[in-house]
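Here subunit A shows up in two complexes: once beside subunit B, once beside subunit C.
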Partner chain A sequence: MPFNETDLRAIGLTLRLAGTTMALLLVLCTPLAWWLARTRSRWRGPLSAVVALPLVLPPTVIGFYLLVALGPNGPLGQLTTALGLGTLPFTFWGLVLGSLIYSLPFAVQPLQGAFEAIGERPLEAAATLGAGPLDRFFTVALPLARGGFVTAAILSFAHTVGEFGVVLMLGGNIPGVTRVISVQIYDHVEALEYTQAHWLAGGMVVFSFIVLLGLNLTRRARLLP
Partner chain B sequence: MNEESEGINARLVVQRRTFTLDVDLQLPGSGFIALFGPSGCGKTTCLRALAGLERANPGLVRVAGTTWQDDTAGIWLPTHQRALGYVFQEASLFAHLSVGGNIAYAQRRVRPGARSAAAAPAVALERAVNLLGLTGLMDRRPATLSGGERQRVAIARALAAQPRVLLMDEPLAALDAGRKAELLPYLEALQRTLAIPVLYVSHALDEVARLATYMVLLDAGRVRASGSAEDLIARLDLPLAQGDAAATIVEGTLLRHDGAEHLSTLAFSGGELHVTSATSRPVGQRLRVRILARDVSLTLARQSGTSILNIVPATVTGLREDSPGQWMVALDAGGARLLARITQRSVHVLGITPGRTLFAQVKGVALLE
Partner chain C sequence: MHLSFKRLRRILGALTLTFSSLHAAQAADVQVAVAANFTAPMQEIAALFAKETGHKADLSFGSTGKFYAQISNGAPFEVFLSADDKTAARLVSDGRAVGTTLMPYALGSLVLWSPTEGMVDGQGKVLATGTFAHLAVANPKLAPYGVAAMQALHKLGLADKLQSKIVMGENIGQTYQFVHTGNAQLGFVALSQVMKDGEISKGSAWRVPAEMHAPIRQDAVMLVRGKDNPAAAALMQYLKSDAARAVIQSYGYGIIE
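Entry: the complex of A and B
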């Protein structure tokens, strides 16, 4: 058995974190991407830049600000305490919040691109056939953008699996609660357990390769009639 | 019901940076109505404003007695509440649905105010599907169809919504000549059978001459002329009677067939015309034929010993220079209008002036519908 019990707990936690983050991102980013794809508001530019920030910011910076904001003295921390949720740093849901921000552009951008690619015409055609705005969104826009949803799901999941800096800043290293695969690899290396580190690191390489291969295949499938 | 409540009544003003559309349209409640004009004259904007895809301000749109927009009364129905069918230049089918799925999409959303199938059997779906030759295509995906097939599906889909008016924005413009020729007979079949008015945007005179019964000529956002298609395309003061495509439409009754020679005789107000390829039509049927100006020559005395079968007496009503050396002559043949494009020299030699009586020799007569 190449993995010990803490390894398995780290793998389970990572998958749970990535799955939760992906699901929440798809729900939250759909209206945001729809708005970004169709608005002519002057806020479009600044908001697009904010959405893209996690692409360029060091994860430690994101983690640091979240730690401060969510801490007992931070504005969000005081809010969560007042709501009876306690403080979020060093908890699973704290990591989910950090991951949402960290992986945000990987969900928004494919969705926005897919919505933009639909164009105005199919929606106008639907309107002339008697479909109201919500009807058009669910029966025309969503099905036509399904490729964007597949890409957004795969990318946000995979990107969250590889998270390290934000987790370390915001979640620390609590086995079963915040110790994800990347942190576990770091721990193995620190302890000079290279064999264990190899199994996890190699697993990540294989996982990433399969994800990208899958992405490529779904794209090609969509190009064929 | 009086004509106004049955027809289309639209007063539309759309301000754009580059031009202003300002039209007042009173259109009949049936037939193929062509919105004709050069590119950029506002035809498409006009159609989009009627459909509510674009907002005319101020605007008034009444179709078959229902008010879709009336800014003085604060009435605005969004597009999806207007009982209309719209065929775009590109078919704009839903790529994620089959042909049948596209048609069912419209069927499931028939709007209040739409005609029931019983009241307007011409738009009953099954018939439209047959008429447009789609029976074998229902399971296909739009991506696997030819351009002409896609456009036919788009038309059937628009009709499946049980519209009170069908709006078509240059449905042939995106097709090559072969596909155009393939789709035109379907449009002609619609022209014969549809009980609702069809507003047809086009900048191609040959299409209009084949299909239109009524015509609105737009120029730089304004109505230059409107009236029956037969009248408008023969008028020398309009840019329609110009060049190679200039033609007139003559309506007549099928008198008899000569089966051995594949020839049929058509009686019209100015005499008789011989037509080929009409032998399948029943005697007594009303037919429309198109006569190109370039196929009509003039002679002062009735010729004999000529291969031209169709020679009718006519009176010159006007003439105008068409291009250097070429003149367009407008003729009245017993109430029917003809155009003849002849050389400047012939105008002088024959002494052609308004009021002159002569004979028009018609070389080609194309059956419409």
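Entry: the complex of A and C
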């Protein structure tokens, strides 16, 4: 067995974090992406830029600001304390919040692209056949955009698995709660446990390759009739 | 090619400077890898070193474990100031450092610290009361200060009781950050991090007695790459000077003769 018990806990936690983040992102980003794809509002540009920010910001910036904002003296920390949730750093849900922000563009952008690609015609056709706005969205837009959902799901899951800087700043390295695979690899390397590090790091390379290969194959399958 | 006279003169000037500094040979650069906890004192020491010897020390700060990996893989460091006494010795036995230059340069002191006034009492009794949500400790697997903190907690018989409240920083710098931002109410940090001009500048603290943990001995060593660099030898020598030691002590470190 190449993995010890803490490695396995890190793997389990990472999958749970990535799965939770992916599910929440798909729910939250669907209306957001729909709005971005169809609006003519002057807020479209600024909001698109905000959504894309995590692509260019160093994770340490996101992690640092979250640590400060979510701490007992930060505005969000005072809010969560007032709501009886306590402060979020060093908790699983704190990491979920960080991951939501960190992986946001990886969910929004494929969805937005898919919604934009539908165009007006199918929706107008559905409208002339008497479908209301909600009906049009659920029975026309969503099925037509399913490729975007597959891409968004895969990318947001994989990107969360690959998260390091935000977790490092926000997590506190608690086994089973905040110590994810990437932090575990870092610990192994720092502690000069290179064999252990290789197993996990090599595993990440294989995992990432398979994800991207799968993504490519699903895209191809969609292009074929 | 079009070169203005002014530009040409500037280039010539730079060339002359380069040659003259090569010629002098005493004034050289030395690449130094410094353990993160020693950041502030080393910056002061490097400034004094430059003023007194003319040599320039280029400082890189980071964790000891990462420096070990980098030096093992050809990083261009010439002097290494470790956060412990194991890693420098290991580099010697790997054949990457010069064994005869190995020496302790500082003895770390551990302190239980909170930015809140009155939170930590003079005997560390606050630990037993458990009136806090998080206690920050450097990861004992990676950081000597973390090892010392856990030893102190074991000595107090509180290690098991507080296990669920411990959050771990990857190094002593991150541990300090957890406490400083208030996310952990208190934590075990290096005295050097909270000490300025010989006193603890902010919050409340308990200086953990040295007999509660194994000594945090920090060793320096010259790396094989620095063997022929006079600036590297000069820096190793300078670390033992009275001026350097005064700086080291002003940050709350001890000195081993």
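Note that in this section the second predicted complex is superposed on the first by the 225 of 225 C-alpha atoms of A that agree within 3 Å, B and C clash if a C-alpha of one lies under 4 Å from a C-alpha of the other, contacts with A are read in each partner's own complex, and residues count from 1 in each chain.
One rule holds for everything that comes next: a contact is a pair of C-beta atoms (placed from the backbone, for glycine too) under 8 Å apart; a residue touches a chain by one contact, two chains touch by 3 or more.
The structure presented is a predicted model; accordingly, all values stated were derived computationally and were not measured.
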| item | value |
| --- | --- |
| Partner chain(s) touched by A:73 [first = subunit B, second = subunit C, both, neither] | second |
| Which of subunit B and subunit C A:5 touches, first, second, both or neither | neither |
| Touched partner set for A:89, first subunit B, second subunit C, both or neither | second |
| Subunit B versus subunit C as contact partner of A:174, first or second or both or neither | second |
| Partner chain(s) touched by A:131 [first = subunit B, second = subunit C, both, neither] | first |
| First (subunit B), second (subunit C), both or neither touched by A:143 | first |
| Touched partner set for A:189, first subunit B, second subunit C, both or neither | second |
| Common ground on subunit A, meaning residues reached by subunit C in one complex and by subunit B in the other | none |
| Complex contacts: residues of subunit B adjacent to subunit A | 51, 53, 78-81, 84-86, 88, 90, 92-96, 105-106, 109-111, 141, 143-144, 157-158, 161 |
| In the complex, subunit A residues that touch subunit C | 67-68, 70-73, 86-87, 89-90, 168-169, 172-174, 186-187, 189-192 |
| Sites on subunit C touched by subunit A in the complex | 63, 65-66, 68-69, 133-134, 136, 139, 141-142, 166-170, 174, 177-178, 181-184 |
| Contact footprint of subunit B on subunit A as seen in their complex | 121-122, 124-132, 135-136, 139-140, 143-144, 146, 225 |
